[in-house]
Amino acid sequence: MRKPVVLMAPIVQNTEIAPGIYNMKLEAPDIAKTAEPGQFLHIRCSQALAPLLRRPISIADADEKNGRIDIIYRVVGEGTKLLSEKLPGEKADIIGPLGNGFYMPPKDSYPIIIAGGIGTAPILYLAKKIALKSNSSASVILGFTTESEIFGTDYLKCPGINLSITTDDGSFGYKGFPTDILENLLKSWKNAAPPIIYACGPKPLLVKIKEITQRENILAYLSLEQRMACGVGACLGCSVKSSFGGYKKVCKDGPVFKACEVELC
Amino acid sequence: MRKPVVLMAPIVQNTEIAPGIYNMKLEAPDIAKTAEPGQFLHIRCSQALAPLLRRPISIADADEKNGRIDIIYRVVGEGTKLLSEKLPGEKADIIGPLGNGFYMPPKDSYPIIIAGGIGTAPILYLAKKIALKSNSSASVILGFTTESEIFGTDYLKCPGINLSITTDDGSFGYKGFPTDILENLLKSWKNAAPPIIYACGPKPLLVKIKEITQRENILAYLSLEQRMACGVGACLGCSVKSSFGGYKKVCKDGPVFKACEVELC
Amino acid sequence: MKDSIDISVNIAGITIQNPVMTASGTFGFGREYGDFYDVNKLGALVTKGLTLLPKEGNPPPRIWETPAGMLNSVGLENPGVEKFIEEEWPYLSKLSIPVIANIDGDTIEEYQETAEKLSTLKKLAALEVNISCPNVEKGGLAFGQDPKSAFEVIEAVRKATNLPIIAKLSPNVTHIQEIAKAAVSAGADALSLINTIVGAAIDIDKQQPVFSRTFAGLSGPAVKPIALRMVWEVCDAVDVPVIGMGGITTWQDAVEFILAGATAVAVGTANFVNPTAPLEIIEGIKSYVKMKGQSMESLIGAARNGKNNI
Amino acid sequence: MKDSIDISVNIAGITIQNPVMTASGTFGFGREYGDFYDVNKLGALVTKGLTLLPKEGNPPPRIWETPAGMLNSVGLENPGVEKFIEEEWPYLSKLSIPVIANIDGDTIEEYQETAEKLSTLKKLAALEVNISCPNVEKGGLAFGQDPKSAFEVIEAVRKATNLPIIAKLSPNVTHIQEIAKAAVSAGADALSLINTIVGAAIDIDKQQPVFSRTFAGLSGPAVKPIALRMVWEVCDAVDVPVIGMGGITTWQDAVEFILAGATAVAVGTANFVNPTAPLEIIEGIKSYVKMKGQSMESLIGAARNGKNNI
């Protein structure tokens, strides 16, 4: 893993791709070269002293060739609001790539990728990388509240990706939760290559996935969130309870953890 | 005097008119209608909590007909920097008009208006109002450090205004200080209508003007600056020493004072 | 129907229509912000600090901006209690909301005399006794930093007036609970906190302190976490109503103080930034009460569940 | 030629090449920010707080943003002094700059034992004795809020080590000068201040405190005016060198502390916001010294002219 850098990255694009959800493309060749799926950027949304802290945002895509990285973020508070107001041509103050990304699936495994809502962001890059690099196929299950909230599917138009979409209200795709599809997939898959699960999304989704994969004894990787100050392992602020006692740091030991390593509540 | 208002005023224009000096035009019909020369706006430069306080900026022009007011400001710190980054179409969070403006010259007086640097801003509106409204003539003396710093002269293209410009380095107009011109004017004017002086600018300029006008026993109005919190007379923060004991409030008793009322150091 | 929602509360025997007051020294004598809205919409109005004799205050500068806050060194400039009664009271007494007079003194006797003079005013709702001003030579802060002196001042004022007494506490102490208890045992009917925190700023060009008195009082959003903690602590220690203040800028801030145990809140520095802040906070509290479906009273201290150890 | 400018200073007998250190707990054990620049450019490095036994720290959340500041409730998570010596010291001991170990304890004996163990490390430059951590059950803050306990802790550590001792003071006190004097009379060679200020935050949706321990420590730009005032006060009271910290974000902030009397400064929360802040501050101080044409030494306390009343 290459060292992270602090960078004023030129903003190439910053557009709303679903209500309140933005896609920002940044010029950051050094990061594009080394970023792994699941890693994140730590972004200073304003040069003012309030809001003070950086915001962690996952890398949603990285293109080594054109030196660009993508992020996809939802406007939920002051920091993301300020980010959404930035215009192409301005610069974004970023640190990255940070954290440990997803462990790539071994050759003969069957990767199933599950995300809910904005949790979709980091798994887009993961799906692409699995499909392109390892030339294997993967199932991707995305859950949204309703049709208009769906985003990111354009990142998943590569061969080898088998995409399912669920909506809570049934306005698009399967009506229900992504874990319903997961359970079905697991039932019909019993005898083939061992499944390996990757997930990112709201806490209840991750809890449910941990439950299912523990029951079925399947390896699962979860991408977690925690409030951060430094983002680099220096402040010990982003702790999550380890299953083996003590705490892990989301920024440095994660954000991706094996489901069996961490306590979610 | 009408009551001040709090307003999100649409920004019509915000352009750099000299190095680091910006002219912003705002749509604010209510303020344009009542604003007097010498009054100011109290502007929130950012909706964030830092920088926290509003910034006082003089009204440099007001046009009742098209409902617009102008300000001219120099970027000196964080607040004015943020102001300079605002784009037409955005809104400015303003309170105004605030303070007591310049007392208009009586009929048979000879108004001499003197400003240094960014102190030019409020006197532009004053000169215009004197020239247009009272149909009298006025001498305007503007001092700048060097030619490239000169701004505002386009506001002064009305009949009745007799404009002199000084630069510290002689790159334009008279080489020296505006007070040199004042002294000359006063010498040559000894026997006509009584002069009345209006001034705004850096402290040393005002001190010098106070000295000259006291010596010559001439009425002078000075526009003062002080750090402000509320801008409306509630916090008692913007005090300036009164010549008669105690303190005056720049925001409410001023910003324009008779030279004899206030202590400048 | 927002207005049918009852968010009135009771402080020291005074019922206020909503829990939002103005903080002393940030609202003048009420006229200035009357330009922007009808101040009768407030819960209560607290005057600038009054002293027995007029005070001209400190030399400029009196204001300095800090990150998300400000330092002030006004030094209790005020017309003195007599001129207040002559010039400001006629206006204030016509308001329909309770008006609370904030008083300060260099000596205990001064506090007493000021309290006596103000007690002649019919319709004055209460006295807020400032034992915490950091910007004056004598008295002020020192009274609020020691339980014994705090007791003495409040006890003396208690003897001088029948008006409800609100003791305004200083945050510049190790154990604010001790001061709070002393003030209550001396007869305070309510407590308000926090006053400003002592701070400083240095002019690095001139290489000298910004303020002629070197130190000044810090207020604004920056101090909110500290104020909230102290309100929590004081609500642990006493059972009189607490008026919380310090950096309250939004209705969410106000709700934090109420959940921590404050019966009412005061808006100070935020007035300077957003003149209509108090109104927005009142509306926000109403919406919150409605959304949560809880009564105003049940919200007071709701975050404490079981953590209360009075 | 910037680099010919001497901005070295002397703290507790240690000469540091520039007056900029890192604040304990904000710089881990030095490796993390080594990704961004050569940490040997710092004046000195202060470690995360160490305790005798490993400490797992407080449950999440541990971080909460506040206006221009942050609250933390890390709770002194650390590997314990032995694992520190095994795993972190080999890296730290290879640095060319002085490394200072920050220590904490629940009891006086724990402070002593930790100090003894660390005293075996050749090249360890000094101990910073934290008597001011607000985020632990026992010890910590309580020691720093009372002159007598402060004296006892420092005296005990003094007996346990020959290393220079820096006592780290708490801002959560009425009279910081008394604590400062007690620490110095017990043998502290230098003082550092301020640690975090006790604050709180309430989650208004859940109607409960954000932190499991209710209170947490406030740091960042918001606290700067308070920190600066306390540095000024402490420099009035003692004549050992003072390391100033609390909200330092820019070189201008650092210069304010130095002019107020601090011999060195430490950068804490600013590291999180701008990883290269310490370097920018070092360069800024150099430029300031050059611009003013004054020696580093003459700047220390330069804003005090005559106001010093030791």
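Labels A, B, C and D are assigned to the chains in the order they are written; within every chain, residues are numbered from 1.
Assume a residue touches a chain if its C-beta (ideal position, glycine included) is under 8 Å from a C-beta of that chain, and two chains touch if they have at least 3 such contacts.
Remember, it's a predicted structure, so these values are computed and weren't measured experimentally.
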{"item": "Chain D and chain A - chains in contact with each", "value": "B, C"}
{"item": "Remotest chain, chain C as reference, centres from CA atoms", "value": "A"}
{"item": "Averaged-CA centre spacing for the pair chain D and chain C, given as whole angstrom", "value": "34"}
{"item": "Distance from chain C to chain A - Cα centre to Cα centre, in angstrom", "value": "47"}
{"item": "Centroid distance [mean C-alpha coordinates] between chain B and chain A, Å", "value": "54"}
{"item": "Distance between chain centroids, defined by C-alpha means - chain B, chain C (Å)", "value": "36"}
{"item": "Multi-chain contact sites of chain D, meaning residues that touch two or more partners", "value": "67-69, 220-221, 249"}
{"item": "Touching two or more other chains - residues of chain A", "value": "49-51"}
{"item": "Topology of the chain contact graph, where touching chains are joined (line, ring, star, complete, other)", "value": "complete"}
{"item": "Sites on chain A touched by chain B in the complex", "value": "46, 48-51, 78, 82"}
{"item": "Residues on chain D engaged by chain A in the complex (per definition of touch)", "value": "25-28, 32-33, 35-36, 48, 56-57, 59-65, 67-70, 72, 74, 77, 220-221, 249, 269, 271-276"}
{"item": "Interfacial residue positions of chain B with respect to chain C in the complex", "value": "3-6, 44, 49-54, 95, 226-241, 245-247, 252"}
{"item": "Parts of chain A lying in touch with chain C, wherever the complex brings them together", "value": "49-50"}
{"item": "Touching residues (chain side chain C, partner chain A) in the complex", "value": "67-68, 221"}
